[in-house]
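Pasting the structures here.
The two complexes that follow have chain A in common; it is paired with chain B in the first and with chain C in the second.
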Partner chain A sequence: MIVCPVCQHRNPEGAKTCEACGASLEGFFYRACPVCGALNPAEAVFCRRCLAELIPSEAPEEPLPPTEAEAPSEETASTAPPTEKEETPETTEEEITEEPSVEEEILPKPEHPPVPVPNPLEGLEELLPLEAAVALPHRAEPRQVHFPDETERRDAELFQQIATEPAPLREQARVLGTPRTRALSPIGRLILYILVLLIAIVPYFSGGFTASWITPREDVTTLLQSLNSLPQGATVLLAFDYDPAYAGEMNPLALDITRQLAQRSVHIVALSTQPAGIGLAEQVLRQLSDQVPAYRYGQSYAILGYLPGQEAGLRTLNSSLGDAFKEDYLQRRSLGELPVTRGLATLADFEQIILFADDETTVRRWIEQIQSRNPEIPLHALVTARIAPMLVPYRQSGQLSTLLPGTPGAIELEAAMGRRSFLTWTSDAYTALFFSLLFIAVISNVLYLSSTRRVR
Partner chain B sequence: MLETLANVMNALPAGTASTIGTWVAALLTLAVLSFIFGENPAFRLAEYLFVGIAAGYAGALAWTQVLWPRAKLFLANPQAYWYYGLFFALGLLLLTRGVRSLSTLGNLPLGVLFGTGAGLALGGALTGSLVPQIEASVVSLSPADYGQGLVGWAYAIDAFILLIGTIAVLSAFHFTGKGQGAWSGFWHGLLRILQGAGRGFIMVAFGALLAGATLSFFAALQSRLAFLLRDWIKLFGNMGL
Partner chain C sequence: MKKTLPLIVAILCGVLSLADFIIPNPQLDALGAVLVEGVTILAAFALLLGLLNILGTHVHRVATGEGSRGLSLSLILAMLITMAVGIAFPHSGTLRWIFRYLYVPLQSTMTALLAFFVVSAAYRAFRLRNIEALILLVTSLLVLFTQLPFVGAISPSLAIIRDWLMRVPVTAATRGLILGIALGTIATSLRILLAVDRPYTGE
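Right, the complex of A and B next:
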């Protein structure tokens, strides 16, 4: 038996289309339970209502008559429009009445007699007229299939036309298309790279002709005065908080500062809040030790190591140096064993703090956690040129004693100290870069503006 | 193993380790610079090496510098350094984040970490950034407070630009529509002018940041070129080339 999914008409096995409404019956098949009569899917083994075993009937089922709701009464049969089945002239009223009843169809004859199930309402038919509805399985009312008439079809077409029609443009509205990308061609990019490379090697041929133009800024002279005012044997804390990617910019500056401190016999204690920074501290201080042999590890300088924990680490450093570092980085000795760190308990024992950093957040962390609690200790920030503009407010508020940007700061510091090295010569490259970028920016903007005007 | 490697390096002729280091550094520098010609295997190799070495170095440093010295203290005297044991236990709980059935145990150390960090950062931001920066924004506009003559006027103009810049940039982030009332048109017009000026100040700040970044990266390039042209090429001279 196949129940039509559209009109619920029961069709015989093997039917491809519904006898009542003509809907396709491909893939629809139900198996009736021999005990309770419930309809189950074709693949079911047990009834989903009473869990009785479903036994497939071997005998082919007879075609079903229409249900009560579908079967026209004698009165309505004459007035109702004829169905496809009724349109056939051979079909008579006797044939319809001879077809098996609905109950016979739902309860096919099994091979074995079904287990009798006691009807809880047996014997109460007279009292309860709804017994049949309760005892028999529920069947949905056949759904009325409605086909739209001409007016409804026209309305639907009109709605679809309005819904899919693009919105009319307002007056003077601009249609925005995909913006045209103006990327530089690979050849143009290569030319630009080569130009930058040529600028970078300018100092090897120029001989430092712009060195005389260098005028140290106010912060450079302030820092130099501050370092020169330190008494012999004073201790300065150096934080190497930069990445190896910026070593080319920061190492010369760090070397200049440490050399100045070493010449004045000021002790250096170094640390880093970045893992890679501690290796850079070791590199710079070893180089210093090579240049100034009297400046020896443990006696004149020490590397404490890596300080983890960010804010919490700095707060620990603020309260107790011994809690922050149990032993030094190179010799693995406790801080009390090294002459340079013996007697250092808190940050208050340092004369100054010099911070080398490549990250604005790191500098802000030092200001917020250290400087705000120790305003009497000068904090100098020697940072990459990339982040220097972001720290100007802290310099103007006085929270930073000095603020120097990487390579320009180192060049000006050497000029202020009266030293001349290859670093001073690199000012030629920076000057050439400045003028080249200015030229490229002006030419690019002129070309862009002229092309825009042509498009308009 | 590290000691064996160190012994092998010490047994080599003087300067060999330095020469090997210079060659490796030069080849890796050239590999990175090869990005000029686009993405290629040499650049990828150098990139992966840097990331891997940085991670390994950080891990080794955390063990030798942070964990092991404190573990030694705790093992030698647990009664005196019991708090290190507590922190190690919290650290071990953090490892349970990798096991789905036990991951809730990791919430405790995470809560301690984030709670402590957020508390310290908030307190520091208030006392170290917000209040001092607001105080620094309150400046005198009188030239007499800064000195005599043109110097005083220069500082006063600087303070005026600072004041206008602060208000204008704050106005640039004030998004509102035109209100009702007699004064709404005036205030709205004033806000529009300030917003335009604020965007100008922001553009100038972005320009300064871009210039600073260009300078930083050019310095990095120059240092690597200096290494190649001086330290690396010197090795060819030593080899008699």
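Right, the complex of A and C next:
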């Protein structure tokens, strides 16, 4: 099918002039796909939209022999008397087709018959019809205007109404809100909450029932060995990167570590990349100073302050300590004036880095910005039990020298150090929590199964 | 120009920072240090901006009567008192008292409430409705049990199970997450460096 460039009329294959307007179709570029109707260049073999074959398979050159009934023999044709139709030759189809059309008479006939252009894909079989899709440039299709009927118009109006009209607040709440499921009666909830309270106060009257069974894990032993290997007068960098929300879990651990360092006369320099963390550092180190009076601010320990900028701040710290902090936090003295920070220029001047954190992103930041550039300085991560599993890959890769989870780590550290304090007794609370959850699971399932049977 | 200039500055800063990270060169180091210092100053300003934003929001609430006016008023008063004490007497006992006896306990209390929610949720989550619930129950109790500080004393094999759980399934899942985060970070960085995403122009 060839489309007329003037009136868009679709003419049959092989037409030379348009049937509708009479315009010449010689050398016209477009060929309509018989399957999907898309316009394709005249030389295209396959439709660029649906990849259907555009050039129809060649018709047999010789027509099929007519049947005896249809084709009269030459004799009958010559001898038979003419019928009424034959007497009026203008109306017969054969003669109409045989007569040259007006256009053919007007248009000059080519002197030489057209030379057939060989198809490059001719003779090739089992090929994917990609030639048309790959070789031909994209051409815009003629725009087809579609006028919506009444149903479509109503649908469109309804859609617009739904899409643009704000629903009233109550209706939104009704649609979006999930139905309230009453899982637990108020009495049941009260019993559970009393159970939690009992778990919390267990250590106050249990007297460290399980404390004697505590066995420190491997990382606890490694950390303790690492701290004990520090020479007297060495300096350790402590980062208090946790929120006061986790002070209950992290402060005892931080106090244990700093106490161990103080007992070995190791200097501490503290900082925080969280605004509130510096207050916690001050709290812990003041508590330490009260417990170990010889451990004084400026002489044995110092607080540098809050380091803003997250990654950028740590990069600055990595390049120079003086660029990150001009003066200390408590006394506002330059780092050169304080005996404990005098001579500290870069991170390489610290023997170890101990990081207290409540967020895996913070630990990752320290690994990326500090540990990767100073792999020779051991980095210990003492974190909340919540995030400890997320950091195990860094421990396995060796980027973290040790990894300890909050309270369990503190309990095991105290056990390893041979200390018995109230913190060790919290091991009893852990035990109580486990058995309480076991009890809850049993009760929950008994009630659930009994209610299911009753329904049946 | 209004769009082109931020684009050029952003791409230049990004490329220079990247080059500073990868190439050991004193000039690049100095340039990178300047850029990083700029980021630190901007971050400090962002903190101040956040403070002013909270203050503005609650002042507006008090003025218009939106939401709970009393709570907004308490927040503004607490904020102003803490700021005044912190600026006037940064290392005074009063500020330390506010931090130690107000801020830390309040924050810790909020976190401690999680214990009640967890126990309440455990009551529902541990019901054996299907096979998945059974797996959840068994795994939860096993992990909880192996985390007990004295589990090694009960049986050394329990400590081995605890370590195996951490080293194999937990690490596998976490590594997948970390790799995903890293790939996402690379893609985001490239998009910003190539100006496909332009968050700094609000696009």
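Operating definition for what follows: the second predicted complex is superposed on the first by the 260 of 456 C-alpha atoms of A that agree within 3 Å, B and C clash if a C-alpha of one lies under 4 Å from a C-alpha of the other, contacts with A are read in each partner's own complex, and residues count from 1 in each chain.
Assume contacts are C-beta pairs under 8 Å (C-beta built on N, C-alpha and C of every residue); 3 or more make two chains touch, one makes a residue touch a chain.
What you see is a predicted model; the values in this text were computed from it and never measured.
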Have a look at where A:Ile214 lands relative to chain B and chain C in the superposition and call it first, second, both or neither. second
Considering only the touch criterion stated at the top, classify A:Ile201 as touching first (chain B), second (chain C), both, or neither. first
Can A:Phe159 be said to touch chain B (first), chain C (second), both, or neither? neither
Considering only the touch criterion stated at the top, classify A:Phe439 as touching first (chain B), second (chain C), both, or neither. neither
Have a look at where A:Glu412 lands relative to chain B and chain C in the superposition and call it first, second, both or neither. second
Is A:Phe46 in contact with chain B, with chain C, with both, or with neither (first, second, both, neither)? neither
I'd like to know which partner A:Asp323 touches here: chain B for first, chain C for second, both or neither. second
Of the two partner chains, chain B (first) and chain C (second), which one does A:Met390 touch, if any: first, second, both, or neither? both
Go through the superposed model and pick first if A:Glu368 touches only chain B, second if only chain C, both, or neither. first
Overlap of the chain B and chain C footprints on chain A, residue-wise? 193, 196, 200, 245-248, 275-276, 279, 308, 310, 312, 315, 364, 385, 389-390, 393, 396, 408, 430, 433, 437
Complex contacts: residues of chain A adjacent to chain C: 183-184, 188-189, 192-193, 195-196, 200, 210, 213-215, 217-218, 243-248, 275-276, 279-280, 282-283, 308-310, 312-313, 315-316, 319, 323, 330, 364, 385, 389-393, 396, 408, 411-412, 415, 427, 430-431, 433-434, 436-438, 440-441, 444-445, 448-449
Flag every residue of chain B that touches chain A in the complex, lowest number first. 36, 54, 57-58, 61-62, 65-66, 69-70, 73, 116-117, 120-121, 124-125, 127-129, 132-133, 135-136, 162, 205, 208-209, 212-226, 229
Residues of chain C defined as touching chain A within the complex: 29, 32-33, 36-37, 39-40, 43-44, 47, 91, 96, 99-100, 103-104, 107-108, 110-112, 115-116, 119-120, 122-124, 126-129, 137, 140-141, 144-145, 147-154, 159, 163, 166-167, 170-171, 174-175, 177-178
Across the complex, what residues on chain A touch chain B? 190, 193, 196-197, 200-201, 204, 245-249, 251, 275-276, 278-279, 305-306, 308, 310-312, 315, 326-327, 329, 364-365, 367-369, 371-372, 384-390, 393, 396-399, 405-408, 422, 426, 429-430, 433, 437
